[in-house]
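Shared between the two complexes below is chain A, which has chain B as its partner in the first and chain C in the second.
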Partner chain A sequence: MWESIASYGLAVGAVYAMTGITYNVMYSASRVFSFTAGMLGMLGGVLGALFIARWGLPVIVGFLLVLACGALIGVVTELVTVRPVLKSIEQHLYVLSTLAFALMVQQLVAIKWGTDAQPFPRLIPIGEGLLDQKFWLPLLACALTMGGLEFLYRRTLVGRAFLAIAEDSYAARALGLPEQHLRMASYALAGVIGALAGFTGAEMLLAFFGNQSILNFYGFVPVALGGMGSNRGAVIGGLVLGVFQQAANFLVGGIFASVAVFVVFIIVLLLRPEGLAGASLARRV
Partner chain B sequence: MTRARIESALPWLALAVVGVGLPLLDDSYLGVIAQRAFIYWILCAGLNLVVGYAGQIAIGWVAMLTLGAYTTAVLTAGTVAEAWNPYLGLLAGCVLSAVFGLIVGLPALRLRTFYFAMTTLGFATIVTQVALAWRSVTGGGVGTPGPVFPWPFDPGWGFYYLCFLLAALATWMTANIADSRFGRALVAIRDAEVAAEASGIAKPKLLATVFVFAGALGGLAGGLFSSLQSYITPDAFTFDLSVLFFIAILIGGRGSILGPLLGTVILTILPEFAAPLVAWSTFLYAALLLAIVLLIPGGIADLLDFKNRRPLEQHREITPRPELLEQVLGHGGKASMLRLKGIELHFGGVRAIDGLDLDIRSGEVHGLIGPNGSGKTTTLNVISGYYTPSEGAAELNGVPFPLRAAHTRAGYRIARTFQTPRLIGAASVLQNVMIGGTIDGAATFAEAVLTLPRHRRDERHLKDAARLALAAIGLEQLADVRADRLQHSELRFVEIARALMLRPTFLLLDEPAAGLSAEEIRRLGALIKAISRAGTAVLLVEHHADLIFDICDRVTVLNLGKVLAAGTPEEIRSHREVVSAYLGA
Partner chain C sequence: MSIKRRQVLAGSAAVGAASLASGLAAPAIAANEPLKIGYLPALTGPSSSTGIGITRGTELAVKEINDAGGINGRKIEMIVRDTQSDPTKAVNAVAELTQRQKASIIWGPLNSGESLAATPLIARDKVPMLHPCWVDELIDVKKYPMAFRLAPTASQIGAGANRYIVQVLKKKKVALIGDTTGYGTASVNTYLPMLKAMGAEVVYSGNVDAANPDLKPDMLRMQSGGAEAIMPWSVNAGFLARICNTRAAMGWDVPICGQTTLGSGQTKALLEKPENWNKVYANNFRAVCFNKDGKLPARAEEFVGRLKTAKVDMGDTLLWWIAMGYDGAKLIADTVKAAGDKATDVVAYWNKLKGWPGVYGTITFTPEQHNGFQDDEVIMCEVNSLKDGAFNIAPGYSS
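On to the complex of A and B.
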């Protein structure tokens, strides 16, 4: 039992972690929390099943297409729902615009794809039982994402430009950085990561339109607990959340697992609003 | 005045006539749609205070409907205990939803907007999951029968009138709140949170009360909903429904009652007349939401607000009437002194304030000047409790004075203005000024809900005081204009009027002359001087040296968080270091 708690929990946790990173990448670029994070994960699964299982495309082509779609949707998100409301960010209109956009996409999927959870094809026939690819694939994707982002942010000029914008967008603009393009690129990157999360996790979570709200919530929990903008916090938080949820699932039953996660979430946030590893709030006056 | 009142009462009268008269058509299909609209509105009326007024993005409020529906249905059906009377079951649903309204709302008291949106979303998901899994009580996916209310509100038109009456009651109660100092405080929290705190509005307590109220209305709606459905399953409470409630309010417009009511009615009726579109309804709602956010963030209410499109007079002048200040401030003539001793405050490695001593006395204007970054505004923020210093203490009339908790300052009669005016653009000038007197209201939330005499007396006093304060600063002719239509200089004076509403013992002004014309600065100077002569201690942070030396009785010069010099204006003007560091030759 403990093996399956660990393998399943870590795998789901990796999907949560990547969704959390998706939130973070968008947040760093624009100070916006976007409801499209869970939508990207949902689409990763649905589009993957569509391309590979239904249309019969080769796995690698389908995979790349899914990532490309993720990037495209990221760009659209930035253009349609973020850029127009960024001027008056203190009114939090982005919460509504991103929610509206995510709902539209979700409804489109529900109508065109269906509201039933559909199976996702087995991609790589390696490993059995607890070493099945559906368990290690999300973990691998998560590790690659984390490593890739570390490399991007620390070793490349573009990555440093991302960091500069995240740190102080005014100063970055004053230095002549193309803030708008970088923001759009960040959203495209977030789109890729979100779609990757959904794609690699879909054999477990299935191609299901309802995954959107599940990933939105459980992907946000590690971000909130680990501190906004902290990818390491999101990964640790995501893995812990996944294992905790699975353990609770096995020991006390699924419903009480979700209730337990929710209660822990609220209590931690009430005690430490800035997250377990986050910094304190900025000045307001 | 009376004509305007009749005009604003007309839509309500029309709605009431339609509501009362609809059964005459004897169309039961129409009746069911109307009952659904009433029920949805009962929930939305409460949610409107949370979303539209307080600006808290509560997306998953359908959870309150679910809780109320299941509580009423299960208690009435007698699944868990002896069957309850349906009316008692309805009440129990209300109470339980009120409790959960508070629990779900807790994170909003401390957290940012998006966190709260997420917690309500998470809660809605969980409630449905529990309803699905707790088979012994809720019947799981099979569901449970809804209650049947006995005479006089039995199914059919009897139940119709129950829904109508409760919807009317919900409208009346929320309109009372909206029109009270609590409603204004909610809007202040939404649009000018820092100013709300400085006016003594305790955000957690107020929001908690509103969450309880909105939860109770959601539960009430749920109980009625379960009876209307006659059989409830978890499927009846999809997230789509939550989206409908939420969007109805935003389409209607934030800070309005009529707008969201129309929004709810429209969104309830729409799918009935566009049957082929039913599958697409949530998609369309979402598209509508996106369009509204991007194109008309003000919603229907803004489109209908003709009054605020009439052009204002072009060349307006601010003519303060300092002779009214005695009446506005009404001091008992008791002298007060606030003393700061050895205050130190660090931001990381930066010493923003580095051992500051400062005395502020009633009847004096105390100028605080210095180069940018010398700690002037920071000093104001320490006194107003936004920052807690790491070292040092303060005394008020010799008694230790805590330097924290910004919302408690108003109780000490410490008022302030801000470097960039923090007003509620969507509220009228008069309402903005009334915010300043919030803590002087005596009536409780419950009294305001029912508009009891003490509440009406509060409102009268606040309104009179606000008009008087506006007259004193010279802007009474703009009392009914939306604040976002004012010029910059007028906003600065409105902020002073709001501060005067507190009848402050100490008034902290943060660069009140910035952006004003020379003539306006002269009038401002006279006004500030008169305020101090009426017995208030004024601490004035300013860059206009002329104004400072004109009206101050005492001047402190800061540099790098330290006092560079302190004394009378004459002493400062001839102080060698000050001249070389700051004033220039």
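On to the complex of A and C.
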């Protein structure tokens, strides 16, 4: 039981964590909470199965194509659903145009790919049980993502420009930073991370159009738990969520496991609305 | 002419329907008016694999009848409307077929979602209707006195699986699991008391989200409860494949018995190993299964011979779908031949129909019972035995 809780819990949790990071990367650059994170995860699995299993492309080519598609869809999201809205409204935390875009893409996938779950190929056949890629690949991808983002944000000029925009976009623009280009690059980066989450988790979650809504919700939970904009919080929140969800499957089982997750989620948000790792904002007077 | 999936998908629904209709209906060379039958298959969309299979049988029956001179000299004109797996389209098509085309009898729709929407409208227009959908509520002699079913009900399907577990395999401890859809929850709620009434002990019953990637927790509960058989009720191939895969990973060899999706190609594609499909049994029908000697029943064998002669493709579909389609058109033709095409006469004939020998099943209706399929014709088959569109009957049946 403990082995199953740890293996499945951490693997699913890593996928949730990367989806949470996808939310954060888009949010940091635009202050828009884009509902396309789950869509990117779903597409990572579906496109991976399409390129590798159905078209027979080499794994590395298929993988790079998936990431490229994720980046492209991230750019399209910014251009089509975020930029026009940001031009015309002041308050824009939740932009429903992103949700509409995500639902449209999901319907297209359902029509073209089908509504049945389809297999995702085993890419690295090095072992069974805990050595199966479905357990360690999402964790590895999550660790690399986190390490890569830390390096980008703390060691590179572009990363610091991202942070400057996230901190205060008006001041950043006043200093001459190209805000629109940086925002578009952030959405491309988010697209890559979201697609990576779906790709690495697809052997476990399968290539299924319905994964979009699951990842949209369970990817949001670590963001809310960890604090909006905090990638470290999202990783911890995602892993905790995955392990808790799997433990609830064993303890209460069936649909009650989901209920248990929701109950804990609501309690945490009631006690700490800013998230477990988030800082309380002081009100300006 | 036989319909290929790619042909259907390649053209628009309207073009497809029109070409189908023209292909089925020969020119009116007979002196009498052709018999108009409204046919409502889903030839595109998620339910199209069933619709295309059934249509191959329907087409063959119409061709045979028309080639033989028609019904008392009248050719059959099958007016086909592709419902596109969409209840709204089915409803629109019903209005056209009953009111504008003045179809004498409606064959279909072919799936329950569309039939639930279409049946009240067909009943309102007082047109006799024959369909193969499983949802129990679709037949109600008071609400829909002109609606008849030539396939089993969902209750008969569940009862067939229950009988196999309890009476054939003699398993007394059963785990009953469904997904969280309406179908999954309704099935668990319906079949649980049925199993108990048969003397089985249901050691686990529950509903699990079909997207849950790990079913081990619930399957461990089944195992610790002493389950001797697992009965999953879902049409989600991912959910069913995970049950098969988890059973294998646990080194557990209890039989898995359930709905026909267990034996689908989608489920097979999601298995981690082909042997995970061993000891998995899905609903099927005695009249179209290979028996213990590897032979089809005589009627089905003769039918398969005709399918081969007519070059009807069986490689990408199931024999029982084709047989059901054939039976639908043939029963309608036999009815009109015996009783004419007046609605009241058709219904009166069907109300007295006894032991009509179809390929898919033997049909009996009464004024009180418009469900024509017989309980004992619903059996289980070995899902890993598919050959020429048919399966082997599951082990343990006497014949």
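Everything that follows uses one rule, which is that the second predicted complex is superposed on the first by the 272 of 285 C-alpha atoms of A that agree within 3 Å, B and C clash if a C-alpha of one lies under 4 Å from a C-alpha of the other, contacts with A are read in each partner's own complex, and residues count from 1 in each chain.
The definition used in the following text is that a residue touches a chain if its C-beta (ideal position, glycine included) is under 8 Å from a C-beta of that chain, and two chains touch if they have at least 3 such contacts.
Because the structure is a prediction, the values reported are computed rather than measured.
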Checklist entry - So if we stack both complexes on chain A, do chain B and chain C clash, or do they fit? => result clash
Checklist entry - Of the partners chain B and chain C, which touch A:I214 in the superposed model: first, second, both, neither? => result both
Next on the checklist: With both complexes superposed on chain A, which partner does A:M1 reach: first (chain B), second (chain C), both or neither?
Outcome noted: second
Checklist entry - Can A:S258 be said to touch chain B (first), chain C (second), both, or neither? => result both
Checklist entry - Regarding the shared-chain residue A:V61, is it in contact with chain B (first), chain C (second), both, or neither? => result neither
Next on the checklist: Tell me the contact category for A:L175 with respect to chain B and chain C: first, second, both or neither.
Outcome noted: neither
Item to check | Contacts of A:I126 with chain B and chain C, given as first, second, both or neither | outcome: neither
Item to check | Larger contact residue set on chain A - chain B or chain C | outcome: B
Checklist entry - Looking at the overlay, does A:M104 come into contact with chain B only (first), chain C only (second), both, or neither? => result first
Next on the checklist: Output check: A:D116 vs chain B and chain C. Expected answer is one of first, second, both, neither. What do you get?
Outcome noted: second
Checklist outcome for this item: Footprint intersection on chain A (chain B / chain C) at 214, 253-255, 258
Checklist entry - Residues of chain A touching chain C in their complex? => result 1, 4, 8, 12, 114-119, 204-206, 208, 210-211, 214, 246, 249-250, 253-255, 257-258
Next on the checklist: Going by the contact rule set out above, which residues of chain C touch chain A in the complex?
Outcome noted: 46, 180, 206-209, 211-214, 216-218, 220-221, 236-238, 241, 266, 269-270
Checklist entry - Given the complex with chain B, which residues does chain A contribute to the contact? => result 33, 80-81, 84-85, 91-93, 95-97, 99-101, 103-104, 107-108, 111, 213-214, 216-217, 220, 224, 253-255, 258-259, 262, 265-266, 269-270, 273, 283-285
Checklist outcome for this item: Given the complex, residues on chain B that touch chain A span 55, 57, 59, 103, 106-107, 110-111, 113-115, 117-119, 121-123, 125-126, 129-130, 133-134, 193-194, 239, 243, 250, 279-280, 282-283, 285-287, 289-290, 293-294, 297, 347, 377, 381, 384, 386, 418
